[in-house]
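Order of writing sets the labels: A, B, C and D. Residues in every chain begin at 1.
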Amino acid sequence: MTNGLFVPVNELSELVYDGAKLAVPKDSCGVAMEATRELVRRGVRDLHLVCVPIGGIQADILIGSGAVRTLETSGVTLGEFGGAPRFADAIREGKLAMRDATCPAVHAALQAAQKGIPFIPLRGLIGSDLMKHRSDWKVIDNPFAENDPIAVLPAIRPDVSLFHAPLADRFGNVFVGRERELMTMAHASRDTLVTVEETTDENLLDDDARAGAVLPAIYVSKIAVVKQGAWPLALGDIYPDDETTLARYAMLARTADGFRQFVEEWLSRDLVEA
Amino acid sequence: MTNGLFVPVNELSELVYDGAKLAVPKDSCGVAMEATRELVRRGVRDLHLVCVPIGGIQADILIGSGAVRTLETSGVTLGEFGGAPRFADAIREGKLAMRDATCPAVHAALQAAQKGIPFIPLRGLIGSDLMKHRSDWKVIDNPFAENDPIAVLPAIRPDVSLFHAPLADRFGNVFVGRERELMTMAHASRDTLVTVEETTDENLLDDDARAGAVLPAIYVSKIAVVKQGAWPLALGDIYPDDETTLARYAMLARTADGFRQFVEEWLSRDLVEA
Amino acid sequence: MSAFTRTELLITVISRLLRGCHHVAVGASSPIPGSGALLARSLSSGDMRVSVLGSRRNNFFTNGGVELFDLAAQGRIDAFFLGGGQIDGQGNINLVGVGGYPRGNVRWPGSFGSAYLYFLIPRVILFREEHTRRVMVPQVDFVSAPGTSDGVHRPGGPFAMVTGLGLFYFDRDRRRFRLASVHPRHTVEEIRDNTGFDFDYPAVVPETPGPDESILAKIRGPIRAEIAETYPRFAERLTQKP
Amino acid sequence: MSAFTRTELLITVISRLLRGCHHVAVGASSPIPGSGALLARSLSSGDMRVSVLGSRRNNFFTNGGVELFDLAAQGRIDAFFLGGGQIDGQGNINLVGVGGYPRGNVRWPGSFGSAYLYFLIPRVILFREEHTRRVMVPQVDFVSAPGTSDGVHRPGGPFAMVTGLGLFYFDRDRRRFRLASVHPRHTVEEIRDNTGFDFDYPAVVPETPGPDESILAKIRGPIRAEIAETYPRFAERLTQKP
């Protein structure tokens, strides 16, 4: 069953095809930066990028590389390193089909896909200009009350989810811990690609303490083992942000030339593969 | 913050007031049988019992004791010990306001309450006679498609959830492991009452392996420590079903007299409280 | 020809119906379907998953009781088993009771997940060992889940029915069962006598082929051992000679 | 009177606005609101919970990023903080950008959770240290979330606004801010000059009371130590003397 499940990271990245609806987690949740590097190296195009629920350096790099056609997110930011410069530039240049969202709407629409329901209602939203510009969101009357308009959102069913996690077992089960949105993303997506720091020979589902926070193999399409796979971002308590690199990105990416310089350096860096 | 959080099981049971909408898990998920004994001893009345998603000996005893006015469940069964005799008898006598459901509908309606949405759509259901008799379920047109009727269910917001778990910490965090519906029940309910086998002085949220499967204290109203709190039912891998007692129940409860005899014996049994 | 029990035959028949499935889920109180699924997996080329409710070793769910239903709606379950206190010729099933609702003469446990899974899982196999006019009725008293639907999103539904007497396929367009084979030692006439609804059958109905020696060895060896984790008493009975 | 920094004043003001809350949640990039919430908790009688996004010690969430939003809809969060690149006199906030949409002159990160939390959390405190006509505009260019709503389920909304110049309360019926106090070393005139919308104020506007010695000791001691887990650089700056 696990034949061909483990592949090198460049092979894994090839499964993110041009035009795919790709879901990725927020910075603190396990971003597959090494796999993203392979995407940029390959020159992936026309992605519909869904940030769950916000994007950071990964989204900014993909946007700067011209890989993103449609962007669905509640925000893109480099956090304490400031705004996301390639994102802001692409918006000014009109290069992105922008679907501005709000965090709970991204979560709810993924949960709808997870449950196999075509839409889900959500409170809030009505009266926000987001509703004006999201022609795919609607307002209906709550069928169980009088005079109670409520927003309804269509399910988000990603073609592919891509994230980085601490540990997988050899059967393809992946430990996600408290980052429960990784589970939701995988349940909601047709395919899920995971990079991990390391693997174990034990079956993670046999460990009572951890089993409740394990993504079962049935949802996992391919796994690549990549040490420091979230670098320069943090991975939980395992390693922290590489603040020097993140600050350097924030500075260089202010200009298109600086961004190209950063990406060149980044692509030429050695891969730490297990 | 944890002042008064830990109470004896009889005090905990007092918070299940007459007329409450009470949610309880299925047999294998951690049924608070000792707390149920206290409910029967006190003679709780007029419960709206929500079985998540099916009931077993707990539901049958509560029904036999006259504690249940409304029953919302996808099934009541003693499993390998046969049908639920007090349930079947109450149905024949017309003593229950019956809300027959299907398992995913109970889960989805609780998830709606967890998300604070007033209703949730669900596939299936249409054409089942369940829909005929559940006047609280409706069919609407999927607002995102043509000619696509879909069922919508109002959220189930229990007043109280009651279950038994292996372990709580002294801050009120409760380890639920893979029994994720316990988390959903607690999120969906106004109050949650938990009995546990034991407690620990460590903070369960500090344990990376387990934290993802911990119900945080903010959802937990009261905790009682009761060894063998699920007896005669199993609790995960910690102890198995007491098959002798369950078989004896199944036999005695076939008649009202036999049921009374079982309950008398049960109520007079010593409590194993920590 | 090998000697085999009816249980061994049913396990074999069910395993054949699961060929080509990637994920077979088995619900509660289903030792024969569970054994059939485990047998099918052992005969597959290694790309079949089996989830057995109540098992620990063959249950990968980590999102609580809702995960089975979410998986079905996601299209990640190919086959499942349902039964019924009553089953009618249109494939409708009744798990609720007989003689009026809500206050009937006979009340069964309830519909469980049938009103949902029957709609969403492509290959639902109806399994009911008892094949009598009490079970196989002209029309069910309560439709827990309908056999077919019009104008409703329904990727799933009945695929086959396995009873103690024979194997039927369900024709969704014609909304009727078609008898495919009669189990050894039974006849078409016996099936007709014990069925309260009309069904199709060919001029010559073949006999259901039994398990061969290698299948029997699997059932009595590794499958018995594996199902014993969830159904120990059933596994004990499996050792009884025909 | 003790000497204190503006940051210490703002922390103190925020902590006062949280009195009586059972659960205060603090979002991303919010060191001053986070410190204010931790201070409020340390002054409470022990029945206040504080969740700080990005903290480990003060973050009990175990259901992923959705839990904050689910908690809000369940009514289990009493107070939260929002900011805005623009804020107008009706309490509308804009976190998206300036000058046209989608292709504006200035693009900010995005609306984050505002278009939801602003509707559901009873005591939303708008916190924006910069108080200029660039921020405090007559009308926001993009409504990430409206200050008030008609005919929509809305248990939550703006409660107060804390800026570098003063403290305002929001009157939901009149849909206007009312200046409650002016921070030391500032004046009502300065606030009017730097605000692009009308607001109410009493004939005599009191000065915002600063922290007393015991509060200052808390801020500089245990609160600084606790916020350092999430905001180490901010905590370092907190040690700087006024």
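In this text, a contact is a pair of C-beta atoms (placed from the backbone, for glycine too) under 8 Å apart; a residue touches a chain by one contact, two chains touch by 3 or more.
Predicted model only: the values in this text are computed from it and were never measured.
S.K.: Identify the chains in contact with subunit A as well as subunit B, in label order.
M.R.: C, D
S.K.: So which chains are sitting against subunit A and subunit C at once?
M.R.: In this structure, the chains that contact subunit C and also subunit A are B.
S.K.: Considering only mean CA positions as chain centres, point out the chain farthest from subunit C.
M.R.: D
S.K.: Rounded to the nearest whole Å, what is the centre-to-centre distance of subunit A and subunit D, using the mean of the C-alpha atoms as each centre?
M.R.: 29
S.K.: Express in whole angstrom the distance between the two chain centres, defined as the mean CA positions of subunit B and subunit D.
M.R.: Inter-chain centre distance comes to 40 Å.
S.K.: Where the CA atoms of subunit C average out and where those of subunit D average out, how many Å apart are those spots?
M.R.: Centres of subunit C and subunit D (C-alpha means) sit 60 Å apart.
S.K.: Of all residues in subunit D, which are in touch with two or more distinct other chains?
M.R.: In subunit D, 61-63, 66, 73, 120 touch at least two other chains.
S.K.: Two or more other chains in contact with one residue: find those residues in subunit A.
M.R.: As it turns out, subunit A has residues touching two or more other chains at 108, 111, 115-117, 122-123, 148, 150, 178-180, 183, 211-213, 237.
S.K.: What is the complete set of touching chain pairs?
M.R.: Result for touching pairs of chains: A-B, A-C, A-D, B-C, B-D.
S.K.: Contact residues on subunit B for subunit D in the complex?
M.R.: 1, 3, 113-117, 173, 183, 187-188, 205, 211-219
S.K.: Help me check something: in the complex, which residues belonging to subunit A touch subunit B?
M.R.: Going by the criterion above, the answer is residues 108, 111, 115-123, 136, 138, 140, 142-145, 148, 150, 152, 154, 176-180, 207-213, 236-237.
S.K.: Hey, which residues of subunit B end up touching subunit C in the complex?
M.R.: Within the complex, subunit B touches subunit C at residues 26, 28-29, 52-54, 73-77, 79-80, 83-84, 87-88, 91-92, 94, 96, 98, 100-105, 107-108, 111, 122-130, 133, 147-150, 178-184, 237.
S.K.: Can you tell me which positions in subunit D touch subunit A when the two form their complex?
M.R.: Subunit D residues touching subunit A: 28-29, 54, 56, 61-67, 69, 73, 95-97, 101-120, 142-146, 149, 151-153, 233.
S.K.: Spell out the part of subunit D that touches subunit B in their complex, as residue ranges.
M.R.: My answer: residues 23, 46-47, 49, 60-63, 66, 70-76, 120.
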